[in-house]
Structures are given as structure tokens and as C-alpha cells.
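Lettered A, B, C and D in written order, each chain numbered from 1.
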Amino acid sequence: MGKLKIVTIGGGSSYTPEIVEGFIKRYEELPITELWLVDVEAGKEKLEIVGNMAKRMVKEAGLPIDVHLTLDRREALKDADFVTTQFRVGLLDARAKDERIPLKYNVIGQETNGPGGLFKGLRTIPVILGICKDMEELCPNAWLVNFTNPAGMVTEAVLRYSNINRVVGLCNVPIMMKMQVAELLGADGDRVHIDFAGLNHMVFGLNVYLDGENVTDTVLDKMTSDDNKMTMQNIKAMNWEPGFIKGLKAIPCPYHRYYYKTSSMLEAELESADNEGTRAEVVQGVERDLFELYKDPNLAHKPEQLSKRGGAYYSDAACSLINSIYNDKRDIQTVNTVNNGAIQSIPNDSAIEINSVITKDGPKPIGIGDLPVAVRGLVQQIKSFERVGAEAAVTGDYNTALLAMTINPLVPSDETAKKIMDEMLEAHKEHLPQFFNKVEA
Amino acid sequence: MGKLKIVTIGGGSSYTPEIVEGFIKRYEELPITELWLVDVEAGKEKLEIVGNMAKRMVKEAGLPIDVHLTLDRREALKDADFVTTQFRVGLLDARAKDERIPLKYNVIGQETNGPGGLFKGLRTIPVILGICKDMEELCPNAWLVNFTNPAGMVTEAVLRYSNINRVVGLCNVPIMMKMQVAELLGADGDRVHIDFAGLNHMVFGLNVYLDGENVTDTVLDKMTSDDNKMTMQNIKAMNWEPGFIKGLKAIPCPYHRYYYKTSSMLEAELESADNEGTRAEVVQGVERDLFELYKDPNLAHKPEQLSKRGGAYYSDAACSLINSIYNDKRDIQTVNTVNNGAIQSIPNDSAIEINSVITKDGPKPIGIGDLPVAVRGLVQQIKSFERVGAEAAVTGDYNTALLAMTINPLVPSDETAKKIMDEMLEAHKEHLPQFFNKVEA
Amino acid sequence: MGKLKIVTIGGGSSYTPEIVEGFIKRYEELPITELWLVDVEAGKEKLEIVGNMAKRMVKEAGLPIDVHLTLDRREALKDADFVTTQFRVGLLDARAKDERIPLKYNVIGQETNGPGGLFKGLRTIPVILGICKDMEELCPNAWLVNFTNPAGMVTEAVLRYSNINRVVGLCNVPIMMKMQVAELLGADGDRVHIDFAGLNHMVFGLNVYLDGENVTDTVLDKMTSDDNKMTMQNIKAMNWEPGFIKGLKAIPCPYHRYYYKTSSMLEAELESADNEGTRAEVVQGVERDLFELYKDPNLAHKPEQLSKRGGAYYSDAACSLINSIYNDKRDIQTVNTVNNGAIQSIPNDSAIEINSVITKDGPKPIGIGDLPVAVRGLVQQIKSFERVGAEAAVTGDYNTALLAMTINPLVPSDETAKKIMDEMLEAHKEHLPQFFNKVEA
Amino acid sequence: MGKLKIVTIGGGSSYTPEIVEGFIKRYEELPITELWLVDVEAGKEKLEIVGNMAKRMVKEAGLPIDVHLTLDRREALKDADFVTTQFRVGLLDARAKDERIPLKYNVIGQETNGPGGLFKGLRTIPVILGICKDMEELCPNAWLVNFTNPAGMVTEAVLRYSNINRVVGLCNVPIMMKMQVAELLGADGDRVHIDFAGLNHMVFGLNVYLDGENVTDTVLDKMTSDDNKMTMQNIKAMNWEPGFIKGLKAIPCPYHRYYYKTSSMLEAELESADNEGTRAEVVQGVERDLFELYKDPNLAHKPEQLSKRGGAYYSDAACSLINSIYNDKRDIQTVNTVNNGAIQSIPNDSAIEINSVITKDGPKPIGIGDLPVAVRGLVQQIKSFERVGAEAAVTGDYNTALLAMTINPLVPSDETAKKIMDEMLEAHKEHLPQFFNKVEA
């Protein structure tokens, strides 16, 4: 079938072996000829470690995939078919600040839909829009598959501020929820289907089907019994109030604990910060260990320890999506894509997370009508936050950024918003030229 | 013109002299023949005091308005032209609980769009729906003009759960904001026009015009200078963060402080509760004094002290609306009415607060397209709260009520929601038969 | 798997062997235990002929399907899983009138979206709503799969005027268009995918994909070359004006010739009426021959001649749908279902024809955003016609029926509408009790 | 109040005395300082005749309005406050072709929403967009008040293809309908209010109020009695079918006869063409007479004969609108403006004709929810026609123009569309450079 070129920006990430494994497993259907791992100067060492590991994995699998390591993004993008992004501007140190600074003001940082996420967005969006500009020129037909958080705000920014339409935001939360629900039901994952709809890290399971039969009530019952918490490695497991979940009649995602259990989650985060460290700090340790392992010239398969990193099903999500686009599979996956009427209370041109039929022409959302009345407000609030945050990232306007911070549901007042804002702006100064160069001008 | 019969339910309210004065002033255009003041057994004494005062006012004005005092609602409603509602189920004692109980859990009570408002809605909605049923039978062409809070949730409930379409919810907040903005601008109120849109107690001034010129930026500047706070007697004056207001580019209403300054407002409310008492408790004192005055057989005009009660412009709002409907004036007033596309991110069949042309056929909203992106989330959240709350009021379903409580933006977690819920349910038991009779059934 | 009961109303139709063959072919996946063929007294003879033929077919296939013939609809419906409807109130004689009468006034009859279709709807809708009432009582979980024309108006009526939500309207046009496009492209049908959207007999192919690549322009080019007409047996093949099709950038369905080539089609219909007869009259001949064949006790398979009847892919459409619902296949089929936001310029609660994911919980439409601007008007016009027509069918109101007739795009004036209306009302009197009994009342 | 400059493009029109009279009458509220009448070289003589007449009128009124006559559009536009457009590219000769050519193919020409209107749009839109470009540069705050037909398509084009937002399309049809309805009711016009909604020359009176009471049914009854036809000078009076109007429950505008009585209107138009001439030809005679009158140096007031021209209430519509914008009157007028949700089945960014509150900031439409189901199709069809026609005018693309012609409800087939198209393109070649220069390029 000729060339099939995949480019991974942020290729030096510890997650890379996960995705490489996914590609190897699917090689028969998805015959990649070139895999380009791209990183920036600061990530050069990691890129080499993980890149060499990737080469060993491909070699052991006996596949004719050329693995390239490069710091030259434009060279990599030339004629690419798929571009995946998994970079982190400012690395885990920046995330640690995203988490620590808000906590000083008794506010949860939350690296996606919280104050931390706002700053991650402010740092990331200009970079992603730069990638889009390069793509327009160098690989205008390629698909951009974005994993970089805040994936909702980033996808919104690409839809609104770039000329790249072929963008899909991706997340492992829906697959994970499905597997956990399957476990609750004592069934294999492929017998379970969930109608997912919402935004990234703000997605709800509206209906659960087991072999096509609606078993939502059974799942809600099981979810609110004592020992079934359904959460993720990076989110503290806390029980839901049974009456609340039964009133809701839908399955919240693990991240919803930040919004529906704000006070308890804050307490837990404060405690973690004082003890084992914030999530970023914990992950820094895990990463250190992983890179030690990756250095081993005999290691040619994804190590067990990677699972601690929290990216379960990440490879599945990415590789399945690329595979279905490439092969026009028309199967159903949950992705971040343009709404186009699928959820009525969200503007048509905004990004949503929704079950979609995956075709060579991209995802085609399966409409749900509208979200349950009870959740529309919170979902709309995060959508407003994403849009105002994306605008601030593009304009570098202080008041717009402060507005985004103030309207975030985790932030208790405009004064607190300003305090967090000012301290974080200063702390991330180096990665926010749009705010600081302006001031000088 | 024959008969013009107005019925005021909750006629024993201390506000009554305000509205009577308004009717007297407008008599030439609005030749009321009968004014019926209705109250319940528990309010009989007050009804008599305030009713006699109303009779004296009418007499002194020399107008042929028959003032009737009655405990028989159905007799009063027979052939009415306008029905105004200003009653309070459980009186100020209930409101004091609405305020005090949430504070125990470090949550603002807020008698309209907060946990307190939920319980006020749960107590009020069944009564108002009963009035609607009577109206269907006894005065199907009458207009229901509702002042009873939570006016947004109540109007939503009437639209959704009764057969009365001729309902308008009314509030003095927009008029007051306009007068305050006029003062900021040093201009008479009639030179100022504001595009109001949102929900009750969640309304924004989107644009301000002085003699038709857009002066919004000037107003935002003045609003964020040190001494201009624009608030109401019942809401603590606190400055807005200037950058936030400038980013917002719209004028929040005084009640927005509860949502954009939650932590500071909570502190202030806790302090008040420990000192002068909650708002309900303060008002109880004011009311006691007012009724003493009303008893004076020589008093035949609205006393000065009524202004402390907090109902500035209340009479203006009510009487202007009734006058414009009665006379098909086609002037513009801000009311709570069915959306019908005027605000795109709110469902068409929901109640909104919006500038409308007032005709004999009711208010015709002037569309605004949509609210600013930044506020859509919060507005939608209150709309969700109103709808779920109204549903709980009608069904008496515990889980639905808990859902409403949990999604309220002032409530920090599902566990706290449950605690407040359970204590308030018990405290208001007497006025919530829909929850308790069920249990017995 | 226990019982799987299918009921076919209008079981005496000449099409029945087609669907029986479809069930037999799919038996492994779709293990039907009972097939009930239902008809009315007037169709008893045909029911027996075709029913015995069905029994022979099942027997020859060696399958344990019980075939029941009955005039007792309620007995048949009891505990059914799927109910298919393919009846014709007034038989082909009525259709002949639907075609002949309008032609007297130089108007095309068109048995679905024309004046003929209106009267077919007026006769059919009360019957189908009666079936729905029986279903509510006797098989509330069954799916109603409707083939009876006008399928768009009938589906709209069921959605709007019955309590049956589990309804799907079905048509062979989309499958046939797909097969014809595949032929144009010289490819097998399963390599071709078309984004279908619109209304029944008013559906457009918006994009054509061959192996996932968008080949719409190629198809439009081929369609407008001399010998490629893409039509159906019952619709005169006439070339499209190439510039029109290229401006349209979408593939019209064969029925669009009635609206975009009205004058030429009228001429052709007038000529046919004078020579071989209208379509109904031609079909009457075909049917007579078919029933002669079916009488042959040795015939146990669908005869070749059935293909002349015009129902190509009819069996495929029906059996595939039932199979995918039964087995929760989540494949994509084109069906008539509730819009729910899939096409933005059509009301959410209306029936549309659209590609949908077929699940055990019914079809889930894949949103298209909106139809091309150029076709929205005509589509909306037919939707208006369907809704007003359905309302007339239910209310029996003369003015409403006249309104439907006048707004039909084939009808050139209100006076002509009235003439056709009055003559057809009289001609179909016997089947329109809702119009005539009223008068007597 | 300083300067108030009004520019009238197409100032040499025979209508000019009408608008000048309107300005004179309103001078106290609308103190115009400069009135610039602009025309093109070909209209120079008429401009002088009518311009001098205008000067005499102003002089006789004793008002300090400077009347300027110029062929230099840019000089005129400099710092204008209002720009009105009433020009006719190709003059009445072109309109005569717009009417005559389609009639050759048995199609009504209809200079606004028919094939004639398409060509009028193709000629006019490039000119109006040129005016918009000049306005952006020379008077960016001015309001463009457009009377040039097809006013709907032209307003749509300005909204979609220029940067001028301050545009209002205007028509005398709604005022005239209101005056006719008032006459039917035997009441003064100011006691009558009608809810108008739709598109230009496709507007419906949804409800009629007399002194605020809904009297729609009375009006419908009167309208369908024998002698009440409610039409305009340029549209043949023909009775509506009573059942149709009663089914419709809304008041069609005179132009609706073209769509709901197509066959009869065609017959009438053919007859006129054979006898007194088409409307353009009749008007040419009227105009010749008018200009003879205008030449009279003693004539200083609008002559009676102008009323035959068909522009009754034209001056009222224009001057009232300008007056209300200038003085921020916030009264209600019916104008063509951007939809913004006022009519739900029309896209938000499209032009509609609707009752609006007229403010200094422009018209604010009063939402109606949606049009009656029965008319949505036809309205949408004209909206599609306007949009595709506007696109063709801008792009000069033949297929797009043919598409617009084919989807027009008066055109019976794509072949006929092509024939009319080709003959009209050739006939108007001189005024359609966008189609012909392209071919040469």
C-alpha cells in the first residue's frame, strides 16, 4: 500500500513504548512504514532512551517499520499521514506547579479542567497551533490525533484558531470506564456498550447496554454499593452519595469527583501534597524508574511498571482510532470532535467527547439529543472555561485569562482567582511569551 | 370600562402598601374597580392590619376602588383580571431556617438560587400550582404576576407543570440596576437603557446605552473604581475584581456576588449570622416595626420605613407591568417569561429574565442571540437547578431533590448536600407534604 | 433463544415471498419461531394464496418457523417482537385513483409526496394508529417496522400521534441508489458508502465514498453523462441537467425528478396514463400474474417475475434492519427515524431518513450538521406537507387537508388544490370515515 | 446637534420626491443638514430633473437642508450618517426583460423572488457590495437602508459578503398590509398591530390585534369574503380559496399569490403582457409622465400621480426607520435584519423580515418562536433561493446560478431553468461582468 508515515510529537514521553506496542500488534491491518519520534532540545536525552527502546521493540517484532528520532519537527511532518501529540510544555515540573500553587489558596489544581489546566492550556495551545501551521504546509491531509491535556481545550483551540479540520482529541477515560463497568457486570468488555457524551474529563455514561439490553439501573445500583468506586489511578477513590447517583441516572466519570465532591477532594489533595506529593511529583518518581528500565539494552517490550503511570488503554485508544481512520472501519469509538448538533445545548462548532462512527473521513458523532438536564450546567461551565481559556492562550490577554480562572467551577471567588493567576503567571513566565512579550511591547 | 379586578395572594405582606400606592398613582390609566387581598388563616391578623391600611390609602386618594380582605382564595379569584402572588409559605421563620441551616455546613443559604431557594421552591411550588388550578377554573383569562421567590424556579414550574400560560415572573433587580447605573452615569433613569438577559437573580446587563449611545465600557470602568459597588440592601457590598469585570464585558447583578465571590460572601454571611442575624432575622424586626406603624388608624400613606424592607421599585415593576398589559402599551420591560429562542443556549420552553415588549397578549422577548460565552455555564447551571428543583417539588422525590441540591453551584459536595438536605427536610416537614405523605403511603 | 415472533400486517401482499425469502436466508442469525401473516377480510383470498406459498418456502428450507395466516390482528400482535406493515387501504384501485384524479387537473398524483400521497396518508394513518393502540396493549416492547407509503408521513404520524416510540420507517430507495452508484463506479456495493440524509422519497446522497475515499465528484460526472440515469422501475428515466447537478453537489434520489423536472414528468405521466396506464394499473397486471404463479402448489421459491414489481432490495432493507435490532449489530443502515438534531433545519421531533447505527435500542442517527442550503427549502416543504397531512388524517378537518394539498410542491394553486381535493374526497369516501362521519355528527 | 448627512443612491429615481417629502415632514425630529442625491452617468438627466424638484420642495418648506446632486458616489458617502439605496441596474428596460423572458417559457418572471428577481440580484449585488466597500472606508458608522429589490437577497448578500453590519432592508408591504387590514376592520391604522414574520415579499401576518385584542379570525373571515382581496397595485387581485386561508390561520402577503396561485397568476401575467404590457412596461409610461411633471419649475410638492407608481407608504417606511434609529425611539417597525434566533427554522445569520424594536443600535427583532408549520417550507425555499442566488452573484459561477434558478418555486424543471438562464444571461450580459469576464479570463 505504499507509505504510511506516523509522527509522534513528544516522542520522548515515557508513554511511547505503549503506543509502539499498539502499532506492532496491529501491523497487519496498519502497515506503518515510518514512525517519527519528535522532541525538543530539552527532551533530547529522554527521546534517545525511549527511541532506542522503540527501535528494539520493532526489531524484536521483525517488522519493517523505520523508526526515526529527531528534534526537527518540520522534517518529521513532511508528508505525514498521522500526527500524534503527547508533549508537555515545561515537563512534569510545570505540572507540579499547576497542582501546588492553587493548593496554597485552598483550591484544587486539576491539570485539565481546573486552574492547573488553564495554565497547561496557556502553555500548550500556542505550541499546538504552531504544529497546525506546519501541518497546513507540510502535510495538509494528515490527521492530528491529540492526547496532550487539557485535550478538550486544546481540541477547541485547534477547531477555532487553526485551519486544521482533521483533528481528533483522544482520552483513555471512556475505555477505562467501559472496562470497569464490564467488570461490575462480570462481563467481557465487548459485550458492553455505553452511550458516552460530554466533554473531555467531563464525560457521562448515559446508558449502559449489556448484549444490547439497557442495564443502566443495575450499573447505578452496583456503583453505589460500598466497594465499587470506579475511579482512576490518579484520582482518589471516594464513594458517591447513592441518592445523588440515582437521581442523576447517569454514570459520572472519575474526574467528576472534583466537581461533585469538591470539598472532600480538596482535603485529599492537600493531604497528598503534604505526604507522598502531588500527582506530578509521584509521577516524576515513576518516570525516573521507567527511564532507568528503558535504558536497558536488553529490554524490548513494554515493562509492567508502565501501568503505574496511569495510561491504561491509552495505546488502545490511539491505535484503534488511527486504524479505523486508515481502514475506514466505521466502528464506534469515543472521541473529541466537533459537535455539529450531536449535543443540543453545546454550540455546533465546539469540541465535544462523544461516541462516533470512525471513517476515513473522520469521526461522525452519533447524536444524543441532549444531556440530562441536571448536568448541562456543569458541562456548559467547563465548555465556557475551555473557550475563554483558549481565547486567552491565543490573545495573551490578562483579563481574559482572569475571566477563565474566575469562572472555573473549582475557584471560589474572583479575588482568589486573581491571586492564583498572578502567582502562576509568574511561575510559568518562561513558557507564556504571549503574556509577557506583550507587556514589554 | 367596566370591571377591573386585581387579586393579591399573600395580601397580608408588609409590601402591600407599596403596591397599593402604585395602583393609586396609575388609577387614571388603570381604573381598578376591585382589589382583593387574600391570605391564609395564619396570616389573618396581618391581613387585617395591612388591609385596613390599604382601605385608608384608597379612601384618602378618593378613588372608587373596592378593597376586599378574605381568607377565601377561590372567592377572590372568581373572574379576576390579574392575580399577583407575594406569599411566603412558612413565613419569615421558614426563611430564617433556609439561611441558618446551610451555614452550619459552611454553605450560603441564599433564599432564591441557593440551598435555601431550593427549599423555598419545594414549599412554594405546590401552592402556586394549586392557585393555577383554581385560576384555570375561576379566571382562565387572568394574568398571573408572580413575585414569590424563587421567582425563576416558580415561573419555570408554572410553565412546565400547569396549564396557565399567562404567567409573568417579576423582580425589582433590573430596575434597580438601571437606576444605579444611571446614577453612576449622572443621568436620569429614563435616558438609560440596558439590555438585560439571563435568569431571575442571575441576570446580566449586556449593554448600556445613554441616549442610545453604547456606554458599556464607561460603566464597567466606573463600576470597578473604588467606591462604586452597585448592590442591594440585602446583599453585602463588595468590590468586584476589576480585571474580572473587564474581561466579562457585562454587568453582573448584585446576586452574582454569591457565585463569583462565594468564599468571601460565605464569610460575610457567617459573620452576620453571629451578629445582627441573617437577613430573615433582620427583616423580622423591620416587619414588626412596620406592622406597628400600619396599625395606626391615622396612617393613610406608605411610610418611609418601608424602604428598609428592600423592595425598592417593587411597586414600579408590578404596576407598570399590569398597566402595560392592560393598555397594550408595547413598551419594554424586563420580565421572567418563556424563552422561545430569545437566548439560544437556554431551552425554548424554559423561563428566562429578558427585556420584552409588553402587550395585551403578554411579554414578547427581544432576542439577544446568546449570552456571552463566559457566563453561559453558570446561567445554565442555575437553569438546571431550577428545573430539577421544580421537578422535585412536584414529584416529592428525595433523590431528585438531592440532585438539585448537589448541582447547586454553592454546594461543595454530594455528602454536604445530603447533610443539608436531610436537616432541612426535617425542619420544614410541615410544609413539605409531598415528601412525607409519600413515605406513609 | 426462546420465542421470536414476527407479524406482517398486509401479509397477503405480493411482496410477502420476498420478505419470507429474506428471513429464510438469515435464519441462523435470526431464528424466527413464528411468522404471522395478517390481512383484512377483503384480502382473504390473496392472504391464503401467498400464505400457503410462504409455508411451502419455509418447508422447503427445512426450518422450524410456524407460519400463521389470520384475519385477527389482535391475536397476531399478542407478544410480537417485530411488526411489519405493508398494507394498502383500498388496494391498488385506490392507488389508481390517487394517480388518475390529479392528472385530470394536470397535476402529478405521486403516491407518496404528492396529492396522491396525501390521500394515501389520509386513508392509512388512522389504520396505523389503530395498530399502534393494539401494540401498546398487546406487545408494548415490539418494534414497528413500517413500509406502508407514504412512509415519511406515516412515521411522522406515529411519532406525533401514538405512544409507540419503537417505530422505524423503511424504504428500498437508499439501498438501490447505493447499488446503482456502485455500478457507475464499477465496484461492488460493499466498497461504497453514501451519506444519505433527507426525508422519505426526498433523500439525498451527500457524499459518496469508495473504499473510504470521497468520490462524489466522479459520481456526479458519471451521473450527468448521457447514459446514466439512476432511476427506479416506477419512475421514468430522464437525464438531469448537468449544470444543475454539478451546482447541487449532491445526488438526488429518483423521486426528485417529480420536483426538479415537474413539467416533463407531468407530460410523461399523462402519456403513460393514455397508453399503458398509470403505475397502479400496470402493477395490477403484474400482481394478477404473480398471484397466478403463487397458486402453483409446486412453487416454493420467490419467482423471477416478482422483480418487475419494483421492490428490489425491499427484503434486504427489512430483514437487515430486523436482524441488526435483534442482534444489536451496530452497523449502519438508512432508515426513517426521529431527527433529534441530526439534520439541523428539521425539527428535532420529526421523522427523517438518515444513516443510523442500528442497535437493539433502535436506530441512532449519525448527524450531518445540515443539508446543503439549496435543498433545505424543498425538504422543508415536504416535511410541512407531511405534518399538515398527518394532522388532517387525525382530525378529519377539511381545511387542514386543503392546506396540505395546497402547499404540496406539485400543486400549482389553491383553486386547483380544492378541485382535486373535492373529487378525491368523494372518490375515497369509503376509506375516509374521519371526514364523513364528522359531517353527519 | 451638528451635522446629519443622508445619501440616497439612485437619487434620480421617480420615488425621490416621496422620500424628500417624508424628510420635510419630520424635520423637527430629524434635522437633516445635507441630502446627497447620487446617480450614475446614464441617469444624469433624471437626477437633475428630480434633484431640482427636491431643491424646490426644501426651499418651499423653508428648511436649511442642503441638497447636493452628484455622480461622484465616494464624495457623497464621505462621513454620511445614513445611506439609502433605491437604484436599478439596467433601469426599467432590464426589468422588462426580467419579466418578458421567463414568460416565453410559461414561467412568471417576478422581479424579486422569481427568475426575474434572480437576475436583478445578479446585477445588483456586485454594485451594492461595492457601495459597502466604499462605506467601510468613508463612513464606517453609517447605516445602510436598502430598498433596492430583491431586498431579501440583497440584505442577505450584504450580511454574508460585506463587512457592513449596519444594514436594514426595507419594504412597504407590511405597512400596506396593516393599513388594508385596518380598513377591513373599519379602524384607524394605529389601533391595529400585526405580528409580521417571514422574508421580504414572503412575509406573513401571524396575528392581528385591534386595541390589543387578538382579532385574527375576524380578519381571516373578512379576507375570504367576496370583495376583500388585499393586494397591491402591481399584483393582480385574485380571491383566496377560503378553506385554504382558514386552514393557514395566517395572513399571506400580496406576493404570496405568485406561489399559492401560480397557474392563475401565470395566466394573468401572460394576458397582461399581451395587452397593457408587463408591470415594467406600464411603469415606464407612468415614469415618463412623472418626469414631465417634475420638470415643471413651479412644482414644489409631491404630485398626486406618484401614487400610481406603486410606492404607497414607501416614504413612511424609510423616514420612520431613519427617525427611530437617529432618535433611539425604541418603537416597533417591520424590517429586514439578521435573524439571530427570532425565527427558529431560519439560520441565525440569515436576513428575515420581522417586527423589531428600532434603536440607535439598530433593529432588535422580537422573536416569534417559529413560523406556522405549513409555511416553513415555502419560506425556506425562498431563503435557499436567496442564498444560492447571492452566492452566484458574488462568484459568477454558472452552475450556482442555474441551481438558484432551478430551485425557485416558480420554475417547473431543470431544463426550463437552463433555457431561461441562458437567454437571460445573454440579454443582461452588459450588467453581468462577473459571469462574462470570467469566461474570457
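Keep in mind that, in the parts below, a residue touches a chain if its C-beta (ideal position, glycine included) is under 8 Å from a C-beta of that chain, and two chains touch if they have at least 3 such contacts.
Every value quoted in this text rests on a predicted model; they were computed, and no experiment measured them.
Ranking all chains by how far their C-alpha centres lie from the centre of chain C, first place goes to B. In this assembly, the C-alpha centroid of chain A lies 45 Å from the C-alpha centroid of chain C.
Inter-chain spacing, taken between the CA centroids of chain B and chain C, is 54 Å. With touch defined as above, chain A holds no residue shared between interfaces to two or more other chains.
Two chains count as a pair here when they touch; such pairs are A-B, A-C, B-D, C-D. Taken in their complex, chain B has these residues touching chain D: 193, 207, 209, 211-214, 327-328, 330, 332, 340-342, 344, 348, 357, 359-361, 364-370.
Against chain B, in their complex, chain A makes its touches with residues 240-241, 243-244, 246-248, 260-264, 345, 347, 373-378, 380-385, 387-388, 397-404, 406-407, 409, 412-418.
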